[in-house]
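Structures given as structure tokens follow.
You will see chain A twice below: alongside chain B first, and alongside chain C after that.
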Partner chain A sequence: MGALAVGASWGMDASRSHPADAADKDAIDLTTQYPFYDQAEPAGIRTPPQRYSIFMTFDLVDGSLRTDLQSLLARWTAASAQLMRAEPIGQVQPSSDAGVGQDTGEALGLDAASLTVTIGLGPSIFDDRFGLADKRPALLRRLPKLPSDNLTPETSDGDLSVQVCADDPQVCYHAIRNLARMARDTVQTRWTVMGFGRASAGKGQQTPRNLFGFKDGTRNISTGADFDKYVWLKDADWMTGGTYQVVRKIEMNIETWDADRVSDQEHIFGRGKTHGEPLSGSVEHDTPRFAAKGKDGEAIIAPTSHIALAAHENNGGIKILRRGYNYTDGINEFGQLDAGLLFVCYQNDPAHFVQLQRKLGAADLLNEYVKHVGSGLFAIPPSPKTGHYIGEQLFT
Partner chain B sequence: MPKSTVRLAAVPGAAVAVALALTACGSSSSGGSANRASGGSSASNAAAKVSGGAAQVGVTLTSAGGCELDHASAPAGPVTFTITNKDATAITEIELQSDQRILGEKENLAPGLAPVKFTATLSGGKYQLYCPGADKENVPFTVTGKAAAAASGSTATVLAEGTKGYAKFVNQNAADMVTAIGKLKAAVDKGDVAAAKKAYAGARPFYEKIESDVGGFVLPGFKPGDNAGNLDYLIDMRQSNLDPKVGWHGFHAVEKDLWQGGKITPQTKKYAKELHTNVGKLAKLVKGVTYKPEDLANGAASLLEEVQTNKIKGEEEKYSHTDLSDFASNVEGAQQAFAFLKPGLQKIDPALTARVSKQFTNVTNGLTPYRDGASLGGFKPWTAQLRKTDAAKLSKKVQALQDPLSQIAQKVATAG
Partner chain C sequence: MGALAVGASWGMDASRSHPADAADKDAIDLTTQYPFYDQAEPAGIRTPPQRYSIFMTFDLVDGSLRTDLQSLLARWTAASAQLMRAEPIGQVQPSSDAGVGQDTGEALGLDAASLTVTIGLGPSIFDDRFGLADKRPALLRRLPKLPSDNLTPETSDGDLSVQVCADDPQVCYHAIRNLARMARDTVQTRWTVMGFGRASAGKGQQTPRNLFGFKDGTRNISTGADFDKYVWLKDADWMTGGTYQVVRKIEMNIETWDADRVSDQEHIFGRGKTHGEPLSGSVEHDTPRFAAKGKDGEAIIAPTSHIALAAHENNGGIKILRRGYNYTDGINEFGQLDAGLLFVCYQNDPAHFVQLQRKLGAADLLNEYVKHVGSGLFAIPPSPKTGHYIGEQLFT
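Here is the complex of A and B:
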């Protein structure tokens, strides 16, 4: 385990820098384990965001049967529980020379590192292939086309989604690799994003930064009351206690952004870059005053700034839980850095995301610097009881 | 391309040297999880009670590596095994065996699913419950009472028949390869580039079908690590992996001259002549090889690896782009090996047999759109452009076959 010191000042104006206080330092204990079974909530949602994440979606192979899907979910469930306990999912060393290992082995000796596995069901599994049409979660429909969508099928949708998060990237990779491997004749990989840095904060964590260098998610959902009101499903039959997962792969035009003057960047976000204070306030957690006007008579926080468009005050009170990660795919075909935000959010009604993104996609000043290239909506069933499995109610 | 395995051609019949413990009894190798509770039976000594006309035995599978019976014995007659997979991800099937014969089995034992049962009518004697993936894979089970009749027509005999059939297939294929390369040599000698290209494409499939069986032969008088005596190197080495001390020989040297150079030089003729000589030597050596059932399974698996590592990426036929023809030949060779194992495997594990068969059909069907009688090798050229759009799709189909196929070796090796 090791605590990482953050908050060093980079030669800024001393009056604007201050050492991070203790609460701002995120200490990591790699031995931390989260339980999988018998929880009030599925893992990996309210869980304080770990440092790394891999998101992957899968399609059932042609000719798969209902029983194939059932045994896949049952095996993924038990494997997830084992992985989260830092156990291999089977023998690494087969008992005969002619055998192949059941676990690939690269996590042997590593701690659980707060691993969570979150399994989602895509709208497509409720088509006519598996006879599950009558079990479709009420609000699980493919997201509608949204303004500024630039989606490619190769980075969108999927029959099933798996989000793994951990404080050790190898623990993450081992988990997703073994889940993919154990199901290779049932599912094929569809798309994946590897997140290398959390871009959202949980309780007690300092607000992290996206690759634009700004604090992101200052006003994220954090109270129990907000989770109950906006995240978890109530009276939703077998989905009660579950939620909906929206995933967007958002490319950032890094080079262009880096060439923009910081004052303009702050204008686009509506916050200061160094401390994340709303432009109408002085410290990060000041409530933004969207009506405040400057000496020139203009709104201090531009109405088309990111925080103004996304704020619950300006959206009929709607809130979503954001749990995203920064990602990089290396270098693109134009020789530019290929990176962005793996935007993940959880809400009890996908229409909440849709409403926000309709507005952001149409007017956000940030749109000049971002491109939504991937998208998916998945239903996250509630945490299974011991001896049971995720989605069991689909097959009863 | 050459494998790391080395076989000494001088010793016919002992060519494939993978030592296998045929009875895996009690070899408890924990999966590297040192702190894992040791698995094994905690069966009570009392015989299982008869209820509803059958003795009732419960089997519980756990993630701690356990495959546990609640009773270690039962009276002769019908015995019902009720299997509950509590939380064992790694154990997906169990089999009741006697003298390597399978008397009953259950597959798809996913954790959390409802318990499943099977019943077998058993005579007195020793049995084993085989739980692949458990820490203790073979759990003894005793039936008391009337003794069993001796088994006949064992699975091992059927498998052995299959390996003999496969050896004939390999030998015939090797002989055909020598003929096909004779045609290539003749076309090269005549200086006819078009005819030589056609002959090249016509000869490649014979090598690709049996590639996994012909790798690693070392000519007499050479050390195992010396590529100058490594027949696979001399026949099939690609330019990207050359050993500078030995230089380039074989198929792909000819390929480059024909496609990139576009002409036949004295050096091309030398390459073709030497290739013809070397495949002749290879065909003789192959004749001496006998195969074990697991060799067929492992060979099939390594042919699919060849597809995934070299053909899919277009690295094998860098100049002629006939990779899809090689791809199809690798798959066909693997399918042949599987077909010869099938009668025995069917007895051991009908569900796995069905899965592998289905996936072979999937892969073969997946190749159908690329068939093109007008192209060399009978398939569309595997160009960079086509790879970009289609490689992932084809690779995934092969992957779905590789996984169940990789389970076969262990099954047939332990079938005694």
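Here is the complex of A and C:
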């Protein structure tokens, strides 16, 4: 397979909205590139989820100045654009002595592999440390305490977030490594999660599975109208065209889950495990009928099932764009695979996530098997124009 | 791209022994399947390295019987063959209630993605606990202490090793999770490393890069004659057709490395960073001329450079098959990416690795930047016949 035009790869065929099971899974085109500058929306959000992701947050070191933040955002912008073009960052010297210049080199010769870099601004940079209080995005506050929160500071929050996603893990690692490296005079790393096996589907992709073995994201936002209505910010001053990113590190007790009967698991999710159909229907994309009752007079889809609690029909029409990844942190203290979901969602009002999680955290049958250990909220500025940089409007 | 015949994917084109840079990298065919049973050699060794790997070792729990080990090897064999065919393991019940049976389900609907499972036997299972002392593979002893060893028991050894490799990380995770899960009454997990960005090249693949940014494995074993001479066991009783697996978890001090001048880095490796040419040559696959001297009368390739110390010309002709992966363990205590190399090599005599590592550990200029923290030696039995299982000959 040779080089294809940008955007012409698998997963971008807008004519298929509900692909057959076998539609998108048999090949990955590593030559796909996404543009960084001059886009209607920032990269890495509507982009069909790549197979690998590294999420990292950073804190500016004590004593950092406003100009340090400004300079970092400018340098990250330039580097992100280069990385997404599969170019080594920094200056590449012609002499063999200088070699690859500032770039660490491990992605030399690799294609872009659909790399996207998505940079977020945390609430804490607007706490007047940098004289930016008047530029605070209107809805950017730390998330309130939510039911079932079990958060640790070590895996929560941050002044800045960076989400890199790619179809080649080495490309992904190279990007975050070099972005972290070029920033180390200005920031300290705070927490990171390495995700795999995208846990959401973009347009034209089949619905992937979470580590509970269930299809996840069947009813995710997919239409342009829904993106406009629920994801992108309108009339939001310098944030217009941007969005808000919520990140939750959710540990999953997969050992307990695996010991549960599949029929119980299906009751908890409200869907069949093998095919993902709502329990009130027969195929995955059947619209769930939450009012349907069985012969016993009970709701076929339990009102406290995951899909019932999360459904827009039961939440005043609210939708969020989920774009998470599975993760594993190796073997835990009990000798079992430590695994979970890096839940990432995008919405034009963080209160939408809060409303959903208040319900889920209080009543979801799934709570017995999950633990929210990390959390963060970040503002994602719009895609910068060529010659400009992310968040430039903060400093004008 | 539709389904291709097994083995017909990229990376299997034997007519290209030194592919051009762009040859193999632009697409991954996820439909590729490798057979498990009835092969001339065990899977996952000559197999072109996949992009993702999880390595895990296990210890049999106290009080385990010989029949527990026997049963585990038989069950792992059957499950490995199913996994490599992209089938859910265990019984798949027809009723929706039983769903996916024993399988945890997260790879349902995914292709095989070139999955291979390679099972190894550690020296400790032949220490008479199971009455297997007379079956001990002739060269299977714990590795001796080596120069520069910095090993911890928590990341070394094990009664059994499992190496799973695939081009889809979710497929890879699913395989190790289910193999670990079905074994948990018999074994405890000991250590694991999740690798990415294959750090070696198979036939027809371009040479990948390690996290120092250098091409690694240019001179790896690739011909059938060398596999026969250096990798596969001959006249080795029940181990004939098998091999020995050495695993080393090598931490890399990438921060110090990145601060070094590229010319120093090239001196340490003995190769150019950008193109991988030996410093005595001009293109990657030029044979290094270790005797060549520069105008200053000094060897162009330093005798203590990595390639000089490791070269078969300087080691009595010894070659080993390297098949490692890069890894990262997230952020370390210093807030930096904890990264390194899961070095895996295969050879028909572990003394070959020992000889090379004695030299490298004592003199390699690279030692300033690496730390060997984990180690293990395992015997890899030959591919079982249909209806039989790995290591069955131990119990007859």
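Definition applied: the second predicted complex is superposed on the first by the 360 of 396 C-alpha atoms of A that agree within 3 Å, B and C clash if a C-alpha of one lies under 4 Å from a C-alpha of the other, contacts with A are read in each partner's own complex, and residues count from 1 in each chain.
Please note the rule applied: a contact is a pair of C-beta atoms (placed from the backbone, for glycine too) under 8 Å apart; a residue touches a chain by one contact, two chains touch by 3 or more.
This is a predicted model, so every value here is computed, not measured.
In the superposed model, A:T192 lies in contact with chain C only, and not with chain B.
In the superposition on chain A, A:L65 makes contact with neither chain B nor chain C. In the superposition on chain A, A:A291 makes contact with neither chain B nor chain C.
In the superposition on chain A, A:R51 makes contact with chain C only, not with chain B.
In the superposition on chain A, contact of A:Q336 is made with chain C only, not with chain B.
Once the two complexes are laid over each other on the shared chain, residue contacts for A:E266 go to chain C alone; chain B is not touched. Once the two complexes are laid over each other on the shared chain, residue contacts for A:A133 go to neither chain B nor chain C. Looking at the superposition, the partner that touches the larger set of chain A residues, chain B or chain C, turns out to be C.
In the superposed model, A:G105 lies in contact with both chain B and chain C. Judged by the touch definition given at the top, the superposed model places A:A362 against neither chain B nor chain C.
Once both structures are placed on chain A, chain A residues 96-101, 103, 105, 108, 181, 188-189 are touched by chain B and, in the other complex, by chain C. Of all residues in chain B, those touching chain A in their complex are 18-21, 24, 27-33, 36, 63, 65, 86-92, 108, 110-113, 132-133, 135, 137, 294, 297-298, 355, 358-359, 362, 396, 399-404, 406-407, 409-410, 413-414. Contact residues of chain C toward chain A in the complex are 1-3, 21, 25-31, 51-52, 56, 96-101, 103-111, 167-170, 173, 176-177, 180-181, 188-189, 191-192, 194, 196-197, 206, 208-214, 254-255, 258, 262-263, 265-266, 272-274, 326, 328-331, 335-337, 339. Across the complex, chain A meets chain B through its residues 61-63, 67, 70-72, 74-75, 77-79, 81-82, 87-103, 105, 108, 181-182, 184-185, 188-189, 384, 386-389, 392.
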